[in-house]
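Going in written order, the chains are labelled A, B, C, D and E, and every chain counts its residues from 1.
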Amino acid sequence: MTLNDARIAQQGLDTTHGAILYLEEISVVFDGFRALNKLSLDISVGELRCIIGPNGAGKTTMMDVITGKTRPTSGTAYFGQTMDLSRMSEHQIAHAGIGRKFQRPTVFEQHTVFENLELAMKLDKRVRPTLFARLSSEQRGKIDEILKLIRLNGSEQRLAGLLSHGQKQWLEIGMLLMQEPQLILLDEPVAGMSDAETARTAELLNELRGQHSIVVVEHDMAFVTEIAQQGVVTVLHEGSVLAQGRMEEVQADERVIEVYLGR
Amino acid sequence: MLRKLFLIACLCFARAGYAGIPPDMLAPLAGDDPDARVAAIAAIGALATDDATRLLTALQNGDVYTTPDGKLYIVTDDKAYNPATGAITAPPDGIDGIMINNRLRGAIEEALSALKMFSPDRAQRLAAVTELQKTATLAQAPLIEKALAREQDAEIRELLRLVAATANLQSPQAAKRKAAVEALADSSNANLRPALQAMLTSDADQNVRVAAAHTLQALDSRLARTEFVGNLFYGVSLGSVLLLAALGLAITFGLMGIINMAHGELLMIGAYTTYLCQLAFRRWAPDALDWYLAAALPAAFIVTALVGIVLERTVIRWLYGRPLETLLATWGISLILMQAVRTIFGAQNVEVANPAWMSGGVTVLGSLVLAYNRIAIIVFAALVVAGVWLILNKTRLGLFVRAVMQNRRMAGCVGVSTAKIDMMTFGLGSGIAGLGGVALSQLGNVGPDLGQGYIVDSFMVVVLGGVGQLAGTVIAALGLGEANKFLEPVAGAVLAKIAILVFIIIFIQKRPQGLFAMKGRSAE
Amino acid sequence: ADTIKIGILHSLSGTMAISETSLKDVALMTIDEINAKGGVMGKKLEAVVVDPASNWPLFAEKARGLIAQDKVSVVFGCWTSVSRKSVLPVFKELNSLLFYPVQYEGEELEKNVFYTGAAPNQQAIPAVEYLMSKDGGGAKRFVLLGTDYVYPRTTNKILRAFLKSKGVKDSDIDEVYTPFGHSDYQTIVANIKKFAAGGKTAVISTINGDSNVPFYKELGNAGLKATDVPVVAFSVGEEELRGVDTKPLVGHLAAWNYFESIKNPVNAEFIKKWKAYAVAKKLPNAATVVTNDPMEATYVGIHMWAQAVEKAKSTDTDKVIAAMAGQTYKAPDGFTLTMDATNHHLHKPVFIGEIRPDGQFNVVWKTPGPVRANPWSPYIPGNEGKQKL
Amino acid sequence: MNHPSLFSRRAWTGIVACAVVLAALPLLNLFFADGHALHVPSYMVSLIGKFMCYALAALALDMVWGYAGILSLGHGVFFALGAYAHGMYLMRAIGREGVYQSDLPDFMVFLDWKTYPWFWSGTDSFWVSLALVVLVPGVLAFVFGFFAFRSRIKGVYFSIITQAMTYAFMLLFFRNNTGFGGNNGFTDFKRILGYSISAPGTKATLYLVTLAVLLGALLLCRWIVTSKLGRVLQAVRDSESRLMFIGYNPLWFKLFVWTLSAVLCGIAGALYVPQVGIINPSEMSPANSIEMVIWAAVGGRGTLLGPIIGAFSVNGLKSWFTGAFPNLWLFALGLIFILVTRYLPRGLAGLVRKEQA
Amino acid sequence: MLQVEKINQYYGSSHTLRGVSLELEKGKCMALLGRNGVGKTTLLKCLMGVLPVSAGSVKLEGRDITKLAPHQRARAGIAYVPQGREIFARLTVEENLLMGLATHSGKKAHTIKGEVYELFPVLKEMLHRRGGDLSGGQQQQLAIARALLAEPKLIILDEPTEGIQPSIIKDIGNVIRLLRQRGDIAILLCEQYFDFAHELADQFMVLSRGEVVASGVQTVMNDPEVKRHLAV
């Protein structure tokens, strides 16, 4: 455990001003290409925010910045009032309470479904506790519960690498739930799911609403409409916010139709 | 010594017509009293006849034979020439070659170079003057000045001027010494340092001491510059050797991801192919022997490429997607190849000679010798890199190769025969290793262990440059070469090598993906 | 048993195979030769060949195996000093016999070992004396160039002390080491050239066999000729030169106790037998095989051992050791060599040879007769009076 | 890659049986005279003692390679440092029985050194040397690993710098002036803790200690890999970045197993010196470290018994072949390596498991 | 054009495809539907030759291609857009497109037709960026473009709309429609986005646990009986 780790662990999350995530003037430049261009955004505690926008708008890049995968070229990113995400490493950010599902499903392919969930479980993730960790029956129960939720019960002893594309998506969502993060980032959670499954996912998100702050990126408009409800939908374009508002509003926005929805 | 040289000087101009070499001059040569032999050589040299030159040259080349009763013959092409009489006969029975040792060889060279200073052949004069630079003494000064007076060639004149000055350093007249010292301010001859140093502290004349200090300073700064340029060259040269050794690996390992522990053995096979080509030329085309490399290059490429293809088809192809296992299999291959060569060619090294045009070197900046074989290898490395770069980046084959290595399954789905590309890529990497082997054969041992000496360095070069990055491999090889060559004079070869390794470790901390790291998402 | 087993412990693979393989072959030839004459004490000799693969701990393991498992009476083997050091404890523990055929640094004397190669005073010192002589070029400055291991280090330590005793200043001695397998001698050759600018210089090379080719090639290309800066080598013999283009090397020197080019009937016979053996056994490159000093030392060693066994009428280690003292053998080097009564080293003649274009040596100097070994060099302080076991 | 059947009942039986047989060998050697049917030659005992040291090193290596996916091409350095640390004690235990009859080891006398250099201080104590056996490789591994893992050096990049490390150490130890006996290293030991090192009883003891350590290490490693930490290590191997996104810091996990592995390797080296009787810098040559990898690969990487089986079989074959077919053994060994990779992707251990399945 | 007869496939001991048969004609588009993990991707891989079948046969234009390797099938005229995009991450976008021309030769092998840029303008902008650096949707577009460039007789699309923005989904729909209308190409479309599939397909097939549980022409696709197999 480095000093930095210790500091963050002690600190805890400060959301006194009601927002859990602040992005301010974030720019990310790759060899001259601006993937994010002075993007500012904040997410309130308990909010479910949908983000849409054309391919290449910078949605995934934004998540990369939040989770520490990509360092912003300029701008600041804060988790709560006090945690400067740009100074934290990936594991510190995760530890502080941000969980993410990737656009392309990424699970531990050589581990079983069960182990994937076990590894993700919210526990002390330092070396010594990990060495001596043994699952309690309560923890087992929790895993079983999630297994049911993601409909992989019965497959818990299969290697995750052998799952189909859609099953991996679900497993990743399950891992996210095991982590019990305060802020959940979902990059295209229903890609590759059938309409029925999409509906179930929407249900699930609606259940989680309020308990966690959630950011969802999706191209499936029906799904977005379903979960956005009366909340704010943000449209990104060329690295910055193009439009923001309730779903009907953005859907009616000429510019959004032009660059994203099509006629 | 002094008298001897005056003799030479006088006789040079009074060139007699044909007269055999007096037998009493020849007799000591066949004897075994070293002092008498040295004296005889000087005396023969002093004759300054064509026969004398011929005899001395023959002696140098080991073409002089003696009969048991002490008669001398120059034997070439089954003809015996009697230098005492001028008669040409068949070689008599029972003749035995006359051995010379270093001391005699030195004496012969000295005699010949004095003779050659007046040779009509420019190259011979140049060689003679260059030789004299090392040894010029006051006694030779009049002779040198005469030569200077006759010399037309500007370059040789300049050299002669320096040689004359060198000789005059020991002049008893202070003015002459001073003039000599000043003239030498343009010299880059390190051999002058001790003499100048001595003058600096102990010359009787104040002016000479001042001049000596000045010249010494000029000389030293020129030597320092020469040394710097020398190190630069040595670095490029070492770098190009590393590059040639590593380039094949940059393909088989860098591109294909095979931890190819048998890479060194492919280099070795290339070198042995060179050896076989040389043997073939010796046997069937001795006149063209100097060009055996022209045949060795394609031969080595083809042979190692074929070996590579066989290995790929029989072993490696089962291991795609299991890169770590390739370490084990190729280690086994390496053991087998080494032992096979040991069984066929013996455990000893075999002889691979540099062609004549690659022997020796060109002198630049006065004293720096750039060896021809090193220059040739630098040029060759540049050509091979250019070729590989063209193949990989400018041809369809190169595109397919890169595609297959990145995503074998999808490459198949778009219609690329991955098996064929795998085979060709491994063949190409192996073939290039073979070319590297040809180059290595020109510098060092050709033996069963040849490859073992390069395998670690090759991996370091490829990894330091960034796996799969041709440009990185080139820079890494040259960088390591230069670093090594600038450290070695300071730290010695052992510590320099350690320092380089430590440097690699630290460097990778800064660039954990090598010099030319792939950035962004595509790197994952 | 009706045969006497003999262990042969030379690397047939790995880096040392280059040098050691031919020692194995010459040992087998010698054993055949002895057997053809009826063997020893009426029993045939039986060779047990193992491959310690240039791996020093494996030398110890194989030595133990030969002695304890195969029950050999004597072992002929080792080349590098470290391999010898590694097997020594085994020979001592199991009280067995090793014949070591290579020139080495001295500073050792073991009851269980017979040293048939040269000690420093039988090779290095005479070579330097020669270089300092008028015929040798009258060298005033010396570059001691070696591979970084114990043999060169020790030899150079002795030579430095020796040179000092001859009035050579420290500033006229340059000591340079390269790692094993070093192959880039550009800098070193440039430095030699620089050093040589300060006066008549000779290089004393203890470079390990492998690095010699690149060294000499560089030397030739840099235009340093034997007449300018002669190099005398202690590890370069006919076998090493087989793999070299010798034209640029002509005139450089080597010091040994035997050269193939020495003319005498015993040597002629030895060479003839070896060539015939190579052809008969289809050794690789049989047409170009050569003999060299360690091969002669092996040959002499085996014969002397056989004589000692005959004399002792037993292969018992202690009895053979006793019988070895004062053994003589008419060796290919042209002299009758004697095993010293007390120090287990051979009395050997010293030859200095210049490299010829054909890869053979032209003897330019030799001692009048065999020289007794001083394994404990008098030039190393504290060695006084340490000449016996 | 999860091994509930890692040590099946049959595997346990096998381990216990092997341990009993191995433990019996030196006793059979001591108690039955040469010529008796049950006599085991000392040569055999010392050979197997050596193999057990190799097996321990291979096991240690496989902990980092097989489980955490960190391929070290420099484990020879830890092995050798452990051996040198212990060798220093053994050298000093020679006392004045060296050729120069000095308090200093012969090579120091030879270098004209008058006293021990600082880094030899305390090594006359057996216990200090034992501490060094653990500390020297451990600290080196910790420091090296800390920086390398912190810089996120992975894959071949890590492998190559470990190779550079061992190579640099080899060159350093080759230098006589470094103070570890140069090329010759340490040899000609006389006694350990006052007992003659060549006495049969001492040898049997060393052998049994080695066996005990090997078994202990096997159990320790088993405990680790079956714990949750073991699963984290495997996750490091398969997808390190994913692991970070769920809140683990891979640095400490890697450092833990890396350092542990180095220490085990050092211990293997320390057990090796007195039994083999020599330690010198060639143990640090890159090729030696690669051979350790080969043992693990032949036996089966990512298993615990695999590396042990691999070390025994490769070295056993090598010992046998070099004596039985001195001219051909490289062909045979090379071919075996190729065949194992081709037909036994999970190594020899995979063969056993396949039969069980 | 494509005839698949009773193919079976196993992953180790699990029976993933059970006697799947299908027939697809030139100029027709078939939608392949089914829940997660029923074997859709597996079936497509078997058709492409990436996975071997244990029984059954695959015929293209009457020619048996069951035993052919993927590259031979590609040359026989099949193009494949796999699930998960599978673009060549370290090749540039342009080089990725050139790979789509791998089955062609001569001048044709070097000319990327402008049509693909009209369909996916973003590719033209990013011609020299590495494929792996593209956003998910951009990669998907690249994968489709690559397959189109091959000018195949049969194009296999595994969830081509995944991760693509709505306006471009419409464009892709238009392209598929166009291809279908041209009539010289058969299209096999595996799609979770029901409306999209419904709009484009001439016929459909539903898989469940490796078996064909429903199939027919487009008009019956909306039957509750069919939909039942898609519900969770």
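Following the convention adopted for this analysis, contacts are C-beta pairs under 8 Å (C-beta built on N, C-alpha and C of every residue); 3 or more make two chains touch, one makes a residue touch a chain.
The model shown is predicted, which means the values in this text are computed figures rather than measured ones.
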{"item": "Set of chains whose contacts include both subunit D and subunit C", "value": "B"}
{"item": "Starting at subunit D, fewest touch steps before arriving at subunit E", "value": "2"}
{"item": "Closest chain to global C-alpha mean, per-chain Cα centroids", "value": "D"}
{"item": "Farthest chain (mean CA position) relative to subunit D", "value": "E"}
{"item": "Contact-richer chain pair [B-D vs B-C]", "value": "B-C"}
{"item": "Length of the line joining the C-alpha centres of subunit B and subunit E, rounded to whole Å", "value": "61"}
{"item": "Whole-Å gap between the CA centroids of subunit A and subunit E", "value": "30"}
{"item": "Centroid distance [mean C-alpha coordinates] between subunit E and subunit C, Å", "value": "74"}
{"item": "Distance between chain centroids, defined by C-alpha means - subunit A, subunit D (Å)", "value": "45"}
{"item": "Overlap residues in subunit A, where contacts from two or more other chains coincide", "value": "30"}
{"item": "Numbers and ranges of subunit B residues touching at least 2 other chains", "value": "338-339, 343, 452, 494, 497, 520, 524"}
{"item": "Subunit E, residues touching no fewer than two other chains", "value": "133"}
{"item": "Subunit A to subunit E touching residues, read off their complex", "value": "30, 33, 53-57, 59-61, 103-104, 151, 162-167, 169-170, 188, 191-197, 200, 219-221, 259-263"}
{"item": "Subunit D partner contacts - residues on subunit C that touch it in the complex", "value": "12-13, 49-53, 55-58, 60-62, 64-65, 68-69, 81-82, 85-86, 88-90, 93, 107-109, 148-150, 153-154, 157, 179-180, 380, 382"}
{"item": "Complex interface listing, subunit E residues touching subunit B", "value": "48-50, 69-71, 74-75, 79-80, 82, 86-91, 95, 98-100, 102-103, 109, 130-133, 146, 150"}
{"item": "Parts of subunit D lying in touch with subunit B, wherever the complex brings them together", "value": "71, 147-148, 151-154, 156-157, 160-161, 163-165, 167-168, 171-172, 174-175, 241, 286-287, 290, 293-294, 297-298, 301, 327-328, 330-331, 333-338, 340-342, 345"}
{"item": "Residue numbers on subunit A that touch subunit D, as the complex places them", "value": "1-2, 5, 67, 69, 89-92, 94-95, 99-100, 106-112, 115, 118-120, 125-127, 130-134, 175, 179"}
